[in-house]
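Input: a single structure, listed below in structure tokens.
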Amino acid sequence: MTTQTNPQARGSSFWQSNFVYSFRKSPIAIISMIVFLLIALSAFFAPLLAPVDPYNQALFDIMDSELPPVWETYGDPRFIFGTDPQGRDMLSAILYGTRLSLLIGICAVAVQAFLGISIGLIAGYVGGRLDSLLMRMADIQLSFSTLMVAIIFLAVSQAIFGSDTFNKYAIVMLIVVIGVAEWPQYARTVRACVLAEKKKEYVDSARVLGFGPLRIMVRHILPNALSPIFVISTVQVANAIISEASLSFLGLGMPPSQPSLGLLISSGFDYIFSGSWWITTIPGIVLVVLVLVINLLGDWMRDVLNPRLYKGDK
Amino acid sequence: MFAYLVKRAFQAIAVMFVISVVSFAIQDNLGDPLRELVGQSVSEEVREQLREELGLNDSFITQYLRFAWKALHGDLGTSYFFKEPALTVIFKKLPATLELVFGATVIIIGLSVPLGVYTAIKPNGLFSRIVMGLSIVGISVPVFLTAIAMIYLFSVELQWLPSFGRGDVVPIFGHWDTNFLTVDGWQHILLPSIALASIMLPLFVRLIRAEMMETLQSEYVKYATAKGVRPMRIYFVHALKNTLLPVITVGGVQIGTMVAYTILTETVFQWPGMGFMFLEAVNRVDTPLIVAYLIVVGFIFVVTNTIVDLIYGLVNPTINIARMGA
Amino acid sequence: MALLSVKDLTVKFAMREQSVTALDGISFDLAKGERLGIVGESGAGKSITGFSLMKLISKPGFIDRGQIQFDGRDIAKMDEPALRDIRGNHMAMIFQDPMVTLNPVLTIGEQMVETLRAHRKLSLEEAEQIAIVKLREVYIPSPEERLRQYPHELSGGMRQRIIIAIALLLEPKLIIADEPTTALDVTIQADIMDLMLELCQTNKVSLILITHDLGVVNQMTERTLVMYAGRIIESGRTREIINDPQHPYTQGLINALPQQTLPGQPLKQIPGSMPSLTNIPTGCAFHPRCAYATSRCKTEIPRTLRFGAVEVACHEVERLKAGQGKAGTGQPAANGNASANGDTSAYDEASTYDEASANGSGS
């Protein structure tokens, strides 16, 4: 995607400076950013930071199973956050799990954005029957919740392909299904932007100058839609991470050999009644903090950029 | 009005058609009905003969039409596991899910309207700040985590409330067993309803607050003040009525989301509803039950969305339903 | 005693770093039954003046100092319950755009009845009867049916008539009309103005008419305030101000009227534009656009001085008048005004409002 600024994107440098100014003025935004970067970086460098490889079952020792975190009475200094029933180091599992959750969340949103922006641009620019057809589809798609569509799609593909094949392609499936199900969010907003911008003179002049529709859309209209796209993307990453966690929790996402945060929480749930709270609680806290800081950043961004987002009104 | 209804009905039928095609395609690819019928010890000739008899060698379209015809007559096949018609199984589970959704909806409406209105009227008050802070935490906690946390707190630690099942239910009519007539039933439905409401409630509080704040900025609210109308009337008649219009639209969409979240909630609380049943059916590759679930849930979505659209048209005087068909 | 007496009214808006002054020491009186025009370009502070008279300034704005004596009580010091008793009851307001003023989801009847019942103990039937009478007064056909209708079913002109009817419901002493016809079709504007004039005269209601249209002011009002950048720069009898404007800004406004221009000639616009509130020039705020500006105008805020029937805040006018000794209305104020005077007579000929204005000022 082009991020270079366009002379037509009015006041782009202005919003950037205002953006930075209000960022420095907002302690919540700063703290959220720091926490997010900490989580993101430790997830990115998980292979370097993790004490063991949580995917290599040969490294687990059943003797180490269900050890509590170090600060508890029977804690073991080798396992800071304790171990799961298989004797897997929770810290390593959480680092790798966060990595997976972030990866799936961001890639799924990239898919959403690509589909939604393309469809929104086309619908808004072409207009007419194609527009109303696409928007009708968007309405219908939205009326079926993402999670519902994802659950059904994944459940059925798991049943059809068998869990071995399914587990192999779980990441791709999660990205695709979360990505495809949420395109209308982008499409509606981008379409609204296109409709608003299309009326303005510079689009006419670009057309008179003989620029093709693709160039007009990408170079002239899209930059004006960037701030709502930005705000939506933040919220969508948070939602995608929650969706992935929910699907994995149901056993419809990542396989047990490669647990994401949702699956870690799920595997710990069975042990919550026996008092092994940490298997569920610690990945749960990480998940909530990660989603929370992304949401806080999104909220702050919405306040600063104040874009006109698409609303349900007709 | 009539044209609008026809248009809505047409769209609902189109959506149901797509759902039925998808469901049929799933049925066609998932599992082997012969094996379910006769097991594996039958010779190849007999199998082929059975195939022919069952119409499994017909074209996709013929098979689909047969499927659709049966579906329209309420025949969605027989569950492999329960050995009962799939629809009957689902209708037995439906009340549990609907009561859960109902409980959550009551919580959501009962809390989101007052909280949303209050935080819009007093955006800088301490209570509003707390509510808004909690709401962003609320949307950041996945439903299953809320559910687990509540089980841990109220069932494991405090032992106040049960952690799974529906408890004592009382039949009211037909298959419909209700939770709302026994104390035990109330105790069982409380945590699952709160868990299910936990994800929607913050969304609605924020939505109502945002819409309400926008409405409070409008000229007609300022004009009402200039007429000397009391603040309570301005908030709850002038502003809230306009606020709720977009909320109704979004709310309709969220009903669909809520059905999806029942799968999560029911799994955590082992609530014997449709969602829990669906996941079990998936694990058992109980194809007719999976397909029936898809069709019933799709039908619920389509019906609620159509109703919400109609309500919106009726509540909003500026939409002339009579002319919307054009 | 004056019905309304505004003294040193100052309204500020709290911004991020400091506060911005929107109204700077406004003072004026309004007699019972008098009709007053407030004119100026957009951004001059006319509307804020109108809203602050009802203490209805939106959020970051606040009354910094000054008094608004209305019927012997100071509105600036009133709390909300006391204000509620005044608003819509003793003092009513007509908003600018009738398309957005009425609540779209409430019927006309509900919006009229609630106004009555906010101030008087009336049954629904009694209130509706009063509403129907008032709708008749503003010449709305079949008023009984209108009560059941929603705003979107009515035209803009019809809605503004209803808003006028709502303003009259409780027989207020004062009506503030904020550009009541700007949002309407040109053909309806004159009808609405005629209606308002008629109703004010028959009901003996005071009127504050906020507008940018000097023609309307001429037709409707007896006295006029000219505002610029949050201050009153000229005030007096409407006839004097239209026929013999003193302040260079008022002169510019009158010269800019289309009637003042021969066909084919460009309109004589005042160069430049109204400064924004965050960036009001020092001294006389008008000096960057003024042809007569001297160095004194850039540093010193001109005093408001009375010259005969008008009050003007301008160094140049002050200097000229001082030179002449005694003020006189018919006297042209040197070079610039000779042409202004000639043009004014041209305006009189072109004006269709003349008779009305003569009647109005006679009372």
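The letters A, B and C name the chains in turn, as written, and every chain counts its residues from 1.
Keep in mind that, in the parts below, contacts are C-beta pairs under 8 Å (C-beta built on N, C-alpha and C of every residue); 3 or more make two chains touch, one makes a residue touch a chain.
For clarity, every value in this text was computed on a predicted model and none was experimentally measured.
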| item | value |
| --- | --- |
| Partner chains shared by chain A and chain B (touch criterion as defined above) | none |
| Highest C-beta pair count, chain pair | A-B |
| Chain of greatest Cα-centre distance to chain B | C |
| Approximate Å spacing (C-alpha centroids) for the pair chain A, chain B | 24 |
| Centre-of-Cα separation between chain C and chain B, whole angstrom | 56 |
| Touching two or more other chains - residue numbers and ranges from chain B | 245 |
| Residues on chain B engaged by chain A in the complex (per definition of touch) | 11, 15, 26, 29-31, 136-137, 139-145, 148-149, 151-152, 156, 245-246, 249-250, 252-253, 256-261, 263-264, 267-268, 278-279, 282, 285, 290, 294, 297-298, 301, 305, 319 |
| Parts of chain C lying in touch with chain B, wherever the complex brings them together | 54, 56, 58, 80, 84-89, 92-93, 95, 97, 100-106, 114-115, 118-119, 150, 152, 166 |
| Footprint of chain B on chain A - complex, ascending | 136, 140, 142-148, 151-152, 155-156, 158-160, 238, 242, 245-246, 249-251, 262, 265-266, 269, 272-273, 277, 280, 284, 287-288, 291-292, 295-296, 299, 311-314 |
| Contacting residues of chain B [partner chain C, same complex] | 217-231, 233, 237-238, 241-242, 245, 316-318 |
